[in-house]
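The first chain written gets the first letter, and so on, giving A, B, C, D and E; residue counts start at 1 in each chain.
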Amino acid sequence: MTALTLLPFFPLFSFLILIIFSKRLNWQLATVIALSGVGLSFLASVLLINDLYAVSQSSDISAGVRESLWTWFMLGEHEVQVAFFLDPLSAVMIAVVTGVGWLIHGFAAAYMREDENYSRFMAYMNLFICAMLILVLADNLVLLYLGWEGVGLCSFLLIGFWYQEPGNAIAARKAFIVTRIGDTLLALGLFYLFLETNTLNIQEILAQQDSSPLSSEAAWWIALLLLGGAVGKSAQLPLHTWLPDAMAGPTPVSALIHAATMVTAGVYLIARMQGVYLQAPDILNLVAWTGSLTLLIAGIAALAQEDIKRVLAYSTMSQIGYMMLGLGAGANVAAITHLMTHAFFKALLFLTAGAIILAAHHQQNIFHMGGLLKRMPLISILFVIGIAALIAFPGTSGFVSKEAIIGQLWQSPTAGPAFWWMAILGAFITSLYSFRLVFITFFGQYRGQHELHPQRHFLLLVPLCMLAVLAILGGYIPTNLEQVFVAVDAPDSQSPSWLHSVAIGLPLVAIVVAYVIYFPRANATEPVPGKGSLYRFSRNGLGFDATYDALLVKPFVKLAKLNRHDAIDLLVQLISWNAFTWNSAAKAIQSGRLRWYAATLGIGTIILLLGVML
Amino acid sequence: MILTNIIAILMLVALVSLIIGSKFSRSLPYLAAGSVVLCFFLLARFASNNHDIFHQAMPLLSVPWITSLGIDYATFIDSLSFILVALTLILALVCILVSVNEIQHHHNFYYFNLLTALAGIIGVFAAADLFLFFFFWEVMLLPMTALIAIWGHENRRYAAIKFFIFTQVSSLLMLVAIIIMAFIHQQQFGEISFNYFDWQRLNLSMPLQYWLMLGFFIAFAVKLPSFPFHTWLPDAHTQAPTAGSVLLAGVLLKTGAYGLMRFVLPLFEQATVEFAPIAIALGVISIIYGAVMAFAQSDFKRLVAYSSISHMGFVTLALFSFSSIAYHGAIVTIVAHGLSSAALFSMAGILYQRLHTRELSKMGGLFASAPRMGGMLLVFVAAAFGMPGLLNFVGEFMTLTGTFASHPVATVLAATAMIGSAIYGMYLFQGSFQGKPHAGVQIADLLAHEWLLCGLLFALLLYLGLFPQSLLMHFEAIYPAANITVTGGKL
Amino acid sequence: MIDIPITHVFMISALLFCVGFIGVLARRNTLFMLMSLEVMLNAVGLAFVGAGSLWQEADGQIMFILILTLAAAEVAIGLALLIRMQHQRHNVDVDGLSQLRG
Amino acid sequence: MKLAQFIAIAPELILSLAIVMQLLLIALKRSQHGIAFFTMSAILLALFAHYPAMTQVNSAVTPLIYVDVFSLTLKVLILSCTLVAVWVSYGYLRSAVEFHDEYYVLLLLAVLGANILVLANHFAAVFLGFELLSLSLVGMIGYLHLRQHTLEAGFKYLILSATASSIMLLGMAFVYGATGELSLAYQVPGQQNLRLLGQAGLVLIMVGFSFKLSLVPFHTWTPDVYQGAPMPVTLLLATVSKAAMFAILVKFWLVSAIFNNETLQVLLLSIAIASMLLGNLLALTQKNIKRLLAYSSIAHMGYLIIVLAIQSQQSVAWALKSGVFYILVYILATLILMIYLAGRSKAHGVHDQDDWRDWQGMIWRRPAHGACLILALLSLAGIPLTAGFIGKFYLFTVAIENQLWGAIAALIIGSGIGLYYYLSIIFCILAKPPVTQCQTVAVSGGSFTISHTTVMAMLTVIIIALGVFPDILASQLMFQSEQIPIIFNEAALKSEW
Amino acid sequence: MNIDWVFYFAALVAFIASIKVVTSANAIHALLYLVVSLLAVAFCFYLLGAPFAAGLEVIVYAGAILVLFVFAVMMFDLQGDNQPVLFQQSWLATWFGPLILTLTLAMLLAYILVTGATDSHIEVGVVSAKQVGIALYGPYLLAVEIASFLLLAGLLAGYHFAKSTSEGEHR
């Protein structure tokens, strides 16, 4: 057993302990167990990544480390194994998952301290880490699918952690089912992939693309189906509607699952299967479109949100849109880097938001906050650091990764100038909503009903500070990702020289715009012009939910409930009705009248005689 | 001898419990459980002694029975039978465990029925003579019907009659087909025979073969149950006592699948190929229809019952796609569904004992008072909607992978059930255990014996889900009827 | 003595038979039912005797004699039942006998 | 007549003698027990007389009677049923003051008629047996003068049976006119000369047989008479009468190979199918167990006569075996139910205890009885483990061998409908017992004794045994087709005489 | 000389008399018509060459059986319908159905007889009482015995029914 094989099982182990002894553990013990599970994983992944560097430094080949545990099942001749594979891409992922995960665990320990089901919560979190690690380490797509479903289930459990609120349960169910649609598409993609390549091992598939690539039609379908999986998990158009609702979960959950790790699984999947996507440029283009549209729509929606977490959720969608756009444009390294940095700063944002919410007695409406800069200065500064990274303020980690993505768009064969403009516009909107949030939340007067009670537990603050550091410096962490990805050779056309300065400048312009628009309203308890229908429209996520509800959910429910008593059963009832009707008809024969009986004798005789004659 | 011994032991214990049981009703569960465990032990010993021979059918006992018609009492065993018999015995234990507190009256007759039903089911899996097969096929019905009719819920008589008439009428069709086969054997080989192995030599002309196949298929489709023959199942499952539901869903439905695998596919190769499009369509409709209907239900057990229809649709789909992967998938699905639906029905029974209702609208928020039960329910629901790591996923995945090659459209349609199952699964779990608890609803968490049965089922689902090869390694890698050329796909 | 087609004999007997049958069907008085039965049996006897003559065998007449026996026994039982009916119900209307039904 | 011939019909001679002796006995000393005991011993003696009679199989005794294995088998069956009937009657009729001498005489007369019917090889014998059976039964159906329904039932049976037998006689006359032959083996030169007249005659004869077998559309009397008759007489009607009529129908059908005539074959099948469907349909909602048994007997007789619709000479033996097995099984199950009913009822009751809703929860209060009744019902429904299934299985084999798909379809549909009402009764027996205790009061009026239970249990054991090991009986039922005198050798007959 | 017409005449008499039996309102009238019908049929028997049967018809049927009827009717006052059924309001209802049914039956039988029977004529010849006697006590010996039992059954049943009536009266 090496560290690689053990890696996902540390959190699993701690999960088991926590779930079995759940109520019997006190806070300290549970915290130690939960943190040590993830912490051991983190240590192991640091160790592993070190080794990986050592290997990759010594040789040029982009070989990863593979550990096989057992054969899961056979698909014909192909063995589906439970095996883990570590290469720079998964190395980034496990580092993010365990590292950020660990920090969030720490925060969560403080955040959820009062909850009576604390250890169950930590158990779910640990289980999530385990599933996520399996997802990113999976050597084959079936195992990846296991992790994929596992994180979905954990997400369900954690969103609905406070299950007694009906709204939370609904949100959890929605999240699960919407992502499940994507999962199903992913599964179909796997079936098609297996049909074409006769294997589901990722490395084998990728290796095959060099020797005997997929036919373009197959690649088109497979890439499309995998994209379907990715948009489901990563909350991209058109399966994005679950993510804002998923904010019903405890804030650390939002930070861990719905910002840092799980939602980026789709990005990971597409990056992982880059070999397949290269065979289907159309779909790469579609990926770019998906990303760009999502980032715009999510940004617009974020502009109108009143709930601090929903703003962040839309922002997450938007940022993942950037990653998708990057992948679609062939900027894989940048996209994955953005994934990593996004994990840092978005986790930071969510956690600081969590700290605010905790202090504000679970008040999440930004119009009932305000003036927090004075009352919670440390938290506010940390939050602004996160925001800075989010809008790619120069010098932050977000700047590094986002600029890298935007920089490659203009020339990309699968993207192009249009996408560049969309990305820039997205960046502009990002700044706008970010600073709307900042101004309304931190400036002006405090407008909440209850007095603030800032928590000062060290577990609350230490992770925040560390994340803040990462949010600033995380962009410079070396990743070695170039080894993994096939470089997309860009055409030689020169991109205009003003691109870069516009990209950097526009977000800063947006800050000014936001100042002009929103700062005066920093004292408002209502979003003033917000009574307009446009505002409502964008607050409701541009009507996607309503459309789906009217077109899909309602008809389905109605149809199902309509047929609740099973129309087919009517057939059976028809038969039995028939029998009983004939029974009562036949009973008329048995009238008890002797003369009629004699007549039946005559009738019978006549019938028989007729039968003879014919 | 081994299967005969098991049947004999079960019958004997059944009789004993009937006769002396009225005085010792407390100890009856122990007696029954003891006999089941003994049988399981015998089976395990037999399996370990004869490890290598399961690939081929291994004839066991054969004694002349009805000489004038060439009917023998003949049994045999192969991997398929073995797995199903083992599954039956495991679920038998589950049945006994769920019955401990539930059955309040006439214990002796109850355990008599339970054990004879088990004996009948094992007989079905053991029979090598088609007459014997039919005999057991019907014998298992009787005690099952009695279980529903006596210990069932409010609408039990309707359900029992419906169940019985459905299966009986359809099986008469099969009986006709069986007799015709025997006569054909007489025509071709001079002597009348009901022996399965003799029949494999038969040379059947096409339209005739098709009709015969249909006779068998309808009987098995009713048992399976496949759309549109499914309507007995929701009623029977809902009204049966918990053990009855467990037995019905866990094993009785599997006899239909077993029949398809054992008789329909190998004996009527040409006809099945010709029939495959219809069967696949029925399978897909069952899958989707079952899932949609499950969502529409508000009765816990009815919901699970419809989900069974959906799951067994996968078996039909798998078997008629003639792909070895899908065939293995069907085997896995059979076992998986046996365990998971048994588990869900047990949960329903456990809940019913505490709440005296099966209505989801009257549950809700139970997680607060019974978190362990909720956890277990979640696991079983997860199994039902195909959570990877649990056995059902492997079955579904293999089925769909195998089917995709030859029937992509059907596979895509069937895959929508993965969404559907998530919908009804969530609906079930959240409806019962999440949400606001009803005022004053406090239920006791799992008791020791309930823990035992839930744990047993969960452990099996998990173990087999992670190591499904331990099931599948006993099966040949190729599909039994792989020599048929199937158009439009590679295996 | 005579020379007629056997068909005619059968025809006559069939006609008589039908007349008797109509009596059984139409009359509510049980006494008339019994009499109609006699007519029917008599018609059958005619058929047997005619057929016996056709083949010049005694069997036809013997069958007639046996039918005669039957008629006697039947009348005895029938009349006894009638008497009982008269006592019990004070009428002999056959439509009164329709309590057993369904 | 030679001694051998006397031996061949020894059972019938014994019965005749017994009838005379009964009359003497009545004249000498009237006793409730004595006459019943005497009747039983006479029947037993007649049963034993079958041993010597076995040595004389395949011999004609005057042109009227032909003794073969088939007839002997059915006679044994009939006499056994009668034995049960006498024993049941004894308990049923026993009372403080009345003597029931006539009853037992009539009973023996009926059995004598049935036996003659079974042995008959000549229209005269058919007709006499038929009438002897009918008239004696009329006497017994209307036997209980205090009950209102008996009169109605007796009168219905009398009139309808007389009408039916007139029709049958007309048919015999037609056949006689067409062929000049009164023997069942009428078609000496083959069936080509069997013109329309002959066919019509055969059909009219079939009307008579169908009436007695209560086949649709000649079934109408069955439920009323079953319900109105005293319970032991219903038992006779359902067992002895049916078995005898089945036997004579088989002979009638096979001796002259009518099955070669396609028209009649089709007619027979239509009757069979109509009976299966209508009989079961009528029984569907019936709550009176006697009526229900009547309706189910209509259906069962419909099933049974499938065996006659054979296509060729080779199938005869198998068809006969199946038919005999089936009717035996049917009789066994019916006996169990009727013994129970008879035991629960009493002659001086206003009516018999024949509402099956009274049976609610019986299994819990009287498990042995409940179990017997359930198994009997299952046997009637044709469920495995019981002999009824084997019987149905045999019928299926016959139907399939002769490719009677329509009949098979009707058999399946009929069974499906039949299951409904059999199961309803079974579930009623299995239901929770009613709270009121009025049932026990009503029951206490019955004549139930431990011997009833014993006999029911024994019959149930036989049903189960035959259901599991049918060979113990089926291998004994070997009818070679030669044993039915297919083409009667007239010359041999004449010399014999 | 052809005396076939005598046969047909007798048959016609029997037919009309039978119709009168069935339709007449008065039981005694009906019985008398029945006697006429039986006598006419007896004459037919005679013409068909069956003198023995004709004799029995007169003696047993018309003589014995009908006397039984008359006795029963007279002694137990079995008059039956108080109103002449024929002229009741429900004449149509009573007779229409049976008439249609029976006419159909008659036509069917007629058709079958016309098309299906042998066209052989009855030969002139008498089957004498002696022949009948020989056959009766030869091959039909058992039939005679059984017939006696048949009569016994009739006797017993009749006796029982009649007896039970009187007993029933007393209770």
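Keep this in mind: a residue touches a chain if its C-beta (ideal position, glycine included) is under 8 Å from a C-beta of that chain, and two chains touch if they have at least 3 such contacts.
Model, not experiment: these values are computed from the prediction.
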*Identify the chains adjacent to both subunit A and subunit D in the sense defined at the top.*
B, C, E
*Touch-network distance, subunit A to subunit E, counted in steps*: 1
*Looking only at C-beta pairs in contact, point me to the busier pair out of D-E and C-E.*
C-E
*Please find which chain has its CA centre nearest to the centre of all protein CA atoms in view.*
B
*Farthest chain from subunit B, comparing Cα centres?*
E
*Relative to subunit D, which chain has the most distant C-alpha mean position?*
A
*Using mean C-alpha positions as chain centres, tell me how far subunit B is from subunit D in Å, no decimals.*
43
_Distance between chain centroids, defined by C-alpha means - subunit B, subunit C (Å)_ = 65
*asked:* From the mean C-alpha coordinate of subunit A to that of subunit B, what's the distance rounded to whole Å?
replied: 37
*asked:* Using mean CA coordinates as chain centres, what's the gap between subunit B and subunit E in Å?
replied: 70
*List, in ascending order, every residue of subunit C touching at least 2 other chains.*
6, 10, 14, 17, 20-21, 24-26, 28, 30, 50, 52, 54, 57, 59-60, 62, 66, 70, 73-74, 77, 81, 84, 88, 94, 97-102
*Which residues of subunit D are in contact with two or more other chains?*
124, 128, 131, 135, 138-139, 142, 145, 154-156, 159, 163, 177, 196-197, 199-200, 223-224, 420
*asked:* Two-or-more-chain contact residues of subunit B, please, as numbers and ranges.
replied: none
_Run through the chains and report each pair that touches._
A-B, A-C, A-D, A-E, B-D, C-D, C-E, D-E
*Flag every residue of subunit A that touches subunit C in the complex, lowest number first.*
587, 590-595, 598-599, 602
*asked:* Show me the residue ranges of subunit D that touch subunit E in the complex, using the header's touch definition.
replied: 1, 16, 19, 61-65, 102, 105-106, 109-110, 112-113, 116, 124-125, 128-129, 131-132, 135-136, 138-139, 142-143, 145-146, 154, 177-178, 195-200, 497
*Parts of subunit D lying in touch with subunit C, wherever the complex brings them together*: 123-124, 127-128, 131, 135, 138-139, 142, 145, 148-149, 151-156, 158-159, 162-163, 165-166, 169-170, 172-174, 176-177, 180, 182, 197, 223-224, 227-228, 286, 288, 291
*Note which residues of subunit A are touching subunit B in the complex, please.*
19, 22, 70-77, 82, 117, 120, 142, 145-146, 149-150, 153, 156-157, 160, 163-164, 166, 169, 172-173, 176-177, 180-181, 183-184, 187-188, 190-192, 194-195, 556-557, 559-561, 563-564, 566, 568-569, 571-572
*Spell out the part of subunit C that touches subunit A in their complex, as residue ranges.*
21, 24-26, 28, 94-95, 97-102
